[in-house]
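Order as written gives the chain letters A, B and C; numbering starts at 1 within each chain.
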Amino acid sequence: MPPRERTQHLIFAALTLAAVLTVAPIVLVVGYIAWLGLPAIRWEFLSAMPREGMRAGGIWPAIVGTLYLTLGTAVVAVPLGVAAAVYLSEYAPDNAFTRAIRLAIINLAGIPSVVYGLFGLGLFVLFLRLSTSIAAGSLTLAIMTLPVIISTSEVALRAVPQSFRLVSFSLGGTRWQTIWRVVLPQALPGILTGVILGLERAAGETAPILFTAAAFFLPRLPDSALDPTMALPYHLFVISTQVPGMPIHLQYGTALVLLVFVLSMNLLATVIRSRARARRQW
Amino acid sequence: MRAEAVRRWPEMIVEAFIRAAGYSAVLFVGLILFFLLREGLPAFAEVPFDALFGTRWYPIEGYYGLLPLVGGTLVVTIGAMLIAMPFGLGTAIFIAEIAPRWARELLKPLVEVLAGLPSVVLGFLGMVAMAPLVRTVLDVPTGLSALSGSILLAGMAIPTLVSVAEDALDAVPNSYRDAALALGATRWQTIWRVTVPAARTGVLTAVMLGVGRAIGETMTVMMVTGNAARMPLGLAAFFRPVRTMTATIAAEMGEVANGSEHYHVLFTVGLVLFIFSFIVNLAAGAVVFQQRKRAERLLS
Amino acid sequence: MPTRRPPGSAPGWLIGLLALAALLAACSSPPTPAAGTAQPGGEQLVLINKGSDTMVNLALAWAEAYEAVAPGVTVSVTGGGSGTGIAALLNGTVDLANASRPISEGERAAAEARGLIPVEHVVARDAIAIVVHPDNPVAALTLPQLSAMYSGQITNWSQVGGEDRPIVLLSRETNSGTHVYFLEHVLRLGDNEQPIFFSPETLLLPSSEGISAEVRQNPNAIGYDGLGYVTPDMKTVAVARAEGGPFVLPAIASVTSGAYPIARDLYIYTAGEPTGTEEDYLGWVLGPAAQAIVAELGFVPVE
């Protein structure tokens, strides 16, 4: 074998190893948590209030809290994010201000989650007096999720061929009719994928809700958007670092529930994307 | 005609909303900066300027030296990138250039799963499983160290690295590869001398975004780095505990009375983080504007 | 085929507009006074209780038991540290602040500047236990030795009669009342004028359980924590006030008699004299049923 081919073999082997070593821990982590967490998963664990200082009972309020926060985030971030994407793809002129918008989006995507927490504390909790609540937490998470939704939706919108728009215009459609009846439906799978990936991130985040929404322990369900709430990621943080004598299977059980919650969103996004790809007509 | 006019009204409202939503990103960045400045700037009036550059962080007695925290963030981030770059870029090259189709279809969703793992889950595993391992394997005093933080942060930066770098490599026209191969280059020579250099701006963007991810991560580092506010000097610092800026905010913000000196200084720390991430993303963005198509993919 | 929808149906946009409108309305609404007393949450009265991590499990146990005593009242409990609780009391976001240290001069002044008078209630007592790995042969330490260890003058276990191992110092975060108490009564040996600090090498763990977890698995580690957090898989070190003094292990009896040197009161603070639901709750907390829970959780009952 000539030396340069031997080098290639060696390097390809190294690269394959890098790829394997990158994904192996992922499988390992998910498998490990599933293995140790599954024994905790019973109907009571999922549906009951925590008892005995959270060392027994279930995690129902944390599950509900995470659902509320995710929904709240969606209610704010989805319309705003998709509309912003529509603006960028269908309306925005190519000028300095549009570039500023793009720069702002890139920066929003890069701001550390804990800085979002500070911002949410400053604006929503203290300045707007929403107190530590689902509303304040959802708004904070929504702004954090916005750049993901905007950029993925914009890619999806731009992928709709220009000819579709031209046909609609030529049939007398207004710009908005064209967007609503032609462009958005075509881009829907791509937008949905982006939305779900964005919400997935929001559901798993702890730092932004630390000062804006999360309650350590609340033995009831929140009954308004102005109530604080328990949430799965924060609950996992609490029971793994703050509660003494916590049965280890409850910690892994909570981690598993959070993981399933987040990864099923991930799976949904993957399925939507691959089905859309298979069906695409252009 | 009248019916037409009636129908236009809702349309105008919707278009106004779309326009407002488009502008909102600028508004939000402005608001975030405004609130950080509003709550953070008073610190410069309350704490002597040079005290902020001290080496002791002990806020309950008025020591607000930011250097250990900035140093801690840098050590953990550098460590994370040293680990993430070979694995992340290696995986990206593997997926884009070498892997058979089935491996690609398997690897990409798996890397996305990694992006979706909540940081507390990683922190939890790091604390209960990895830190003890790091201590016994490396024979260091404690596994709660910068290294443990770097390993986990590398894991969180890798998905960003892989997807952006892979997109960049994918975007290199096939004619480049064909030309190199036709000239008798091996596949590896083609990758190393032609494809990677052609994609270098995108690869650089990937690295910068990975850095951004690592700088900003909070819960994971708080749970595994030990949070000792020591000055991280020398190579040994990688194996010792550190305290990062993000962990400091998360650990202390709940404690402080609103409007106190400590509260203002923590917002200043937030401001420093904001500036760090702004610079990093500006660097990534500068490349992005040269290559719009890639820019649109990079955040997805 | 594009999915057909009836013209004009735009639920997404409507919701978005509503959300934006709500946001704007919130911006323009006049500032409402912050919650200071029990907030009605539907039919249910809610007492918001926040503060000391040392006390959080005690507070949780009380909250749970109180549900049975007064079904109309929910007590919501959050930890975060004594400073957190007092800060929240000052900010008007909680009704009861748990603290494992007395309120500081600065905090009292800040409260009074806001027109609040913090009222102190001693609800339990606590010993701070010194814990090490079960395999660590060191069984007794003096306060001066602890001070030298935590300030970084002693860095190896062999200097206090142990194995040749580096000492890994574990501490609670600075927002913890336990941290402040340890600084003042152990590091500085009661003389707060002394410029002694925690060694910068000290690991500041965000919680009691963080300390326990590290102590359980790391033979180099030493930590301190409320007696309620000590589990059988850690080793508790006996402590003497000075060289030659009696070495005492923390327990209810040794705390009540004053023989154990590192013990303190645990407090609940209210903004002003408690009334209504708050008064009922605090009365119950000081009663026999709640104090039995105190002993059950490894704290020391009052009276």
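In this text, contacts are C-beta pairs under 8 Å (C-beta built on N, C-alpha and C of every residue); 3 or more make two chains touch, one makes a residue touch a chain.
Nothing here was measured: the structure is a model prediction, and the numbers come from that model.
Ranked by the number of C-beta pairs in contact, the top chain pair here is A-B. Taking the mean of C-alpha positions as each chain's centre, the chain lying farthest from the centre of chain B is C.
Rounded to a whole number, the gap between the C-alpha centres of chain A and chain C is 32 angstrom. In whole angstrom, the spacing between the mean C-alpha positions of chain A and chain B is 16. Among all residues of chain C, those that touch two or more other chains are 10, 13, 16-17, 20, 80, 205-206, 210, 213. Shown for chain A are the residues that touch two or more other chains, namely 79-80, 83, 240-241.
Residues of chain B in contact with two or more other chains: 14, 17, 20-21, 127-128, 223, 254, 258. Across the interface of their complex, chain A is touched by residues 11, 14-15, 17-26, 28-29, 31-32, 35-36, 38-39, 86-88, 90-91, 93-95, 98-99, 103, 107, 109-114, 116-125, 127-129, 155, 158, 162, 186-189, 209, 212, 215-219, 223, 246, 249-250, 253-254, 258, 266-267, 270, 273-274, 277-278, 280-282, 284-285, 288-289, 295-300 of chain B. Here chain A touches chain C in the complex through residues 51-54, 75-76, 78-80, 82-83, 128-132, 139, 180-182, 185-186, 188, 215-220, 223-224, 227-228, 238, 240-246, going by the rule given at the top. Residue ranges of chain C in contact with chain A, taken from their complex: 2-3, 5, 10, 12-13, 15-17, 19-20, 23, 26-27, 31-32, 34-35, 41-42, 44, 50, 53, 56-57, 60-61, 63-64, 67, 74, 76-80, 93, 205-210, 212-213, 228-229, 231. On the side of chain C, the complex with chain B involves touching residues 8, 10, 13, 16-17, 20, 80-81, 83-84, 86-87, 90-91, 107, 110, 166-168, 173-175, 179-180, 197-198, 200-206, 210, 213-214, 217-218, 220-221. The part of chain A that touches chain B in the complex is made up of residues 4-5, 7-8, 11-12, 14-19, 21-23, 25-27, 29-30, 32-33, 79-81, 83-84, 86-88, 91-92, 99-119, 121-123, 126-127, 143, 146-148, 150-152, 154-155, 158, 174-177, 194, 197, 200-201, 203-207, 210-211, 233-234, 236-237, 240-241, 248, 251, 255, 258-259, 262-263, 265-266, 270.
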